[in-house]
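Reading through the structure tokens given below for one structure.
Chains: A, B and C, in written order; residue numbering restarts at 1 for each.
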Amino acid sequence: MLSYTVRRLGYMIVNLTLISIVCFYIINLPPGSFIETYSTQLDAAGSPASQAQLDYLTARYGLDQPLYVQYWNWIVPLVTQGDFGYSFEWQQPVWTLLADRLWLTIIFSIVSMVFVYAVSIPVALYSATHQYSFGDYSVNLLGVIGLAVPNFLLALLLLVGSAKFFGVTPTGLYSPQYMNAPWSWDKFVDLLIHLPVPVVVVGLAGTAATIRILRSQLLDEFQKQYVITARAKGVPERRLLMKYPFRVALNPIISTAGHLLPEIVSGSTIVAIVLGLPTIGPLLLRSIIAQDTYVAASSLMMLGVLTVVGVVMSDILLTILDPRVRMNRTN
Amino acid sequence: MSTSVIQPTDSIESTTAPLLEIKNLRVVLPILEGDLVAADGVNIQIKPGKTLGLVGESGCGKTMTAQSILQIAPKIAKTSGQILLHYADRPPTDIVALGKNDPELLRIRGGECAMIFQEPMTSFSPVHTIGNQLIEAILLHRTSDKKEAREIAIAMLDKVGIPAPAETLKKYPHHLSGGMRQRAMIAMALSSRPRLLIADEPTTALDVTVQAQVLRLMRDLQRDLGMAILYISHDLGVIARMADEVAVMYMGSIVEHAPVRELFRSVKHPYTKGLMGSAPRIGKKSGEPLATIMGNVPIPINKPTACGFFPRCPVGIAGICDQVVPPLVEVAPGHKSACFRYPQVLAAAGLESGTTNE
Amino acid sequence: MTSITIDSESSAPQGGRVLSRSQIFWSKFYRHKLAVVSLGFILFLYAIVLIAEFVAPYDPFQRHTDHLLAPPTAITFFDADGDFHLRPFVHALKNELNRETFQREYMVDTSVRYKISLFVEGEPYNLFGFIPMDTHFFGVEGDGKIFLAGTDTLGRDLFSRMLFGARTSLFVGLFGLAIGFGLGLFFGGISGYFGGAVDNFVQRLTEFLQSLPTLPLWMALAALVPPHWTPIQVYFGISTILAVVGWTTLARVVRGKLLSLREEDYVMAAKVSGVSEAKIITNHLLPGFMSYLIVHLTLAVPQMILGEVALSFLGLGLRPPAVSLGTLLIDSQNIQTLVFSPWLLVPGGLIIIIVIAFSFLGDGLRDAADPYRS
């Protein structure tokens, strides 16, 4: 168990390193130095950068050195001092831009996951136990639709609908008065009030997918010999269902967390852009368009880190819960 | 044979009241190609404390018949006929007629009749301990006291020869070997002191030495606990060791039925003969090739009204066997057969006996 | 549990007729009515978009400057007096400024009627790029205009643009799929074939890629597409990006299937009975594999389409003037405009229908290919 956890954490570190390399290369792939981009930007804005400033930046990022040295110079302060670089567009250290958004992204993703499971588990149970019933067909149909509607389109529909019928567009995660206020209980409550709409929008596809997976898992489990054994010994149907197939089918669900989390983070990126949520997504888009490279790389990297860490956590949880997996993995 | 000595005259319809009576059981699976008749008018009786062996090639409907007794056949299966479970003090229950949530059915399942299965690897839930699953059965049928249930569980595991029973309770199925798992399965089935144990090829998936141990264990347990056994196998050798009476099944029908000695002394159906020829037996000269039954096991979809064995039968009578379904009737004292080579069968089907060259 | 799907080669037993693998496949597939309808719809759609120039009443770039953000045109059979006309017709639209809201509003002028005709003459075009024609499938006579889905902010006919957009998106989907399919087959194939260290490496790589959120990765990669590329270059660039991120699932599928097929009893049986390697592959491995692949490919197409739509919507994918279902939605980013012109979301409706059709088709194929489901 312990050795598995250690090994899994080892993989995680390898993956995090890979992510950082990917992000770093994305910074460096576009032709031309970003210092040039930066100075042309400043020129265009009418306040040309001083040569000293440009020299400082060149030295800071060691742009005259080979790529692996540059990578090293970039990753070391990042890991040791949390120095993610500097935003040319915002004229701020990247971390100050990112910190709040990172927390909101984490909170938002967790709440969305909870929503997905809270809805999909009971619905899938119902659907699987009432196979081919009207309810089951409706669930399937809704599931297909849920998977087919791009979530940003759903967000747009919601915005238009609420503008039409209520005269307001429910964007953002806070009311205006809390936008830049320090954290307080009231601000937290305000956040909770604003969460449901985006959570539902982001969670819809994941919910539909999870219902599908869990339903077919359950139907598969129903056929298994151990269920027949339990039935043959006189266990009442309802108890049988909860104790055996559901329990066994729950494991894949926990392991789907590994797919669900990246999906939620991915989906929330675009929904956040449409709904104007102060999470990492809109920052990423804006920095990509503005070629604010350090912000872009750091945002992408934080999203990657978030999912990789989440997946590892769900894997370790699965190992704790499933004796079979535990056996396979520990020896 | 440790249980009883069978008199040559011992008739199937002896005076002992049967424990379980299957009357005209028909199990139909509607599938894409048509109706698959897994059991086609099966009539058998199981007597208290005795073992009935049900034998036939794989796919002939043994499992469907057995599963019908507990109503655990696949959901799509349509079952008709009667399965009567007799009691000493009250009228019999027809299991086929019970609703799927009938408390009577839940009491019979695992209580009156318990079942063990072919696959010891998958018969236990992989995510619950042996103890959890064993004690569950005991709590359902024996006692509601958890502590007592645990003691019974330990005693049962001990009885089936599992070393360190108390520790085994805490283990998961994958910690046990196939043989040990099947022993635990038997312990679970017998923990409720059932009157009938249905054993569906319980040793088929085990290797030969383990198989012998498990067979011996079951015989010993039958002697101690006195339950009846419906023993299902495709292997006549195993049946010979276990059964008091044998029913031979082919394409969903019983084609021969006799006490075990009588059957092996004089086989009265070409299919059974074929089965015997294809079974490796001690005493057979080495080097002598195993005879096989010609052709494949047919799949009983849209069955024709004829003897199902006709296309593979070496002694089939064209014009009769491929036209009429042979009924199962007594052709010798206590010995039933469904083969038109016996005048009694022809007579029962309303045909003249002169047409055969018997 | 015994499966009753038996290879067509095994001798037919007496009594029942056993269907062959492909007979079972098709008879199961035809029972899935939604899948059959979806297959018809998808084929129809691909056919329509190939001749979009002919089906569309207008050129996708033609600006009807009097009809900026015009609502969808109503087609009626009854005129202002309530009289029935066998030929459907449309009314004229008048453009007025509402003095209270200062919004432009369209008034239907019921006094003017324009009949709808088939095969009308209109803008000249080249069908399939080389057949010069000027006949359009439908249109209205005279000065009338017909905008089945309204017009956009520049007064371009959305219905015509949707046909052309669907063409781009449907083929970006196929093209991305082809690249992803190649990558998936390659990596899955070497992984399943060589096993060992290669397998381990590919496994780690796919795991890594799958643990990353797709869209942000797409966004970052899309930023690498140089701004001076031509629309065609961008088109292939975006397809490649979609494929580079999306091949992992397919690789896993290929690998898993290869590994499990090698162990299948019937393959073993064929080997034991001395059937040649080539025959095993063509008769046993490929059929089992193809149905599986087709199912996954069908389910992967909508993912590609949705990827293109999302990227273009964000302004990172195809860029105007290229027309795709994604770029058509860029206009709807402005909520103010959208509230007054909700028809701008109609391309979104088409996207949803396309994706649903592909998923029904995929479901039907999967159920039909699954030997253990009757």
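Going forward, a contact is a pair of C-beta atoms (placed from the backbone, for glycine too) under 8 Å apart; a residue touches a chain by one contact, two chains touch by 3 or more.
Because the structure is a prediction, the values reported are computed rather than measured.
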Among line, ring, star, complete and other, the chain contact graph is complete
Looking only at C-beta pairs in contact, point me to the busier pair out of A-C and B-C. A-C
Rounded to the nearest Å, the gap between Cα centres of subunit B and subunit C is 55
Just give me the whole-number Å value for how far the CA centre of subunit A lies from that of subunit C. 26
Which residue numbers or ranges of subunit C touch two or more of the other chains? 1
Counting only contacts in the complex, subunit B reaches subunit C at residues 31-34, 36, 58-59, 74, 76, 251, 295-304, 308, 310-311
Which stretch or stretches of subunit A touch subunit B in the complex? 224-226, 228-237, 243-244, 247-248, 251, 322-324, 327
Which residues, counting only subunit C, touch subunit B once they are in their complex? 1-2, 4, 6, 10-11, 13-19, 24, 27-28, 374
Within the complex, subunit A is touched by subunit B residues 67, 70, 72, 100-101, 106-111, 114-115, 117, 119, 122-128, 133, 136-137, 140-141, 172, 174, 185, 188-189, 192
Touching subunit A in the complex, subunit C uses residues 1, 204, 208, 210-217, 219-224, 226, 302, 306, 309-310, 313-316, 329, 332-333, 335, 338-339, 342, 345, 348, 351-352, 355-356, 359-360, 363
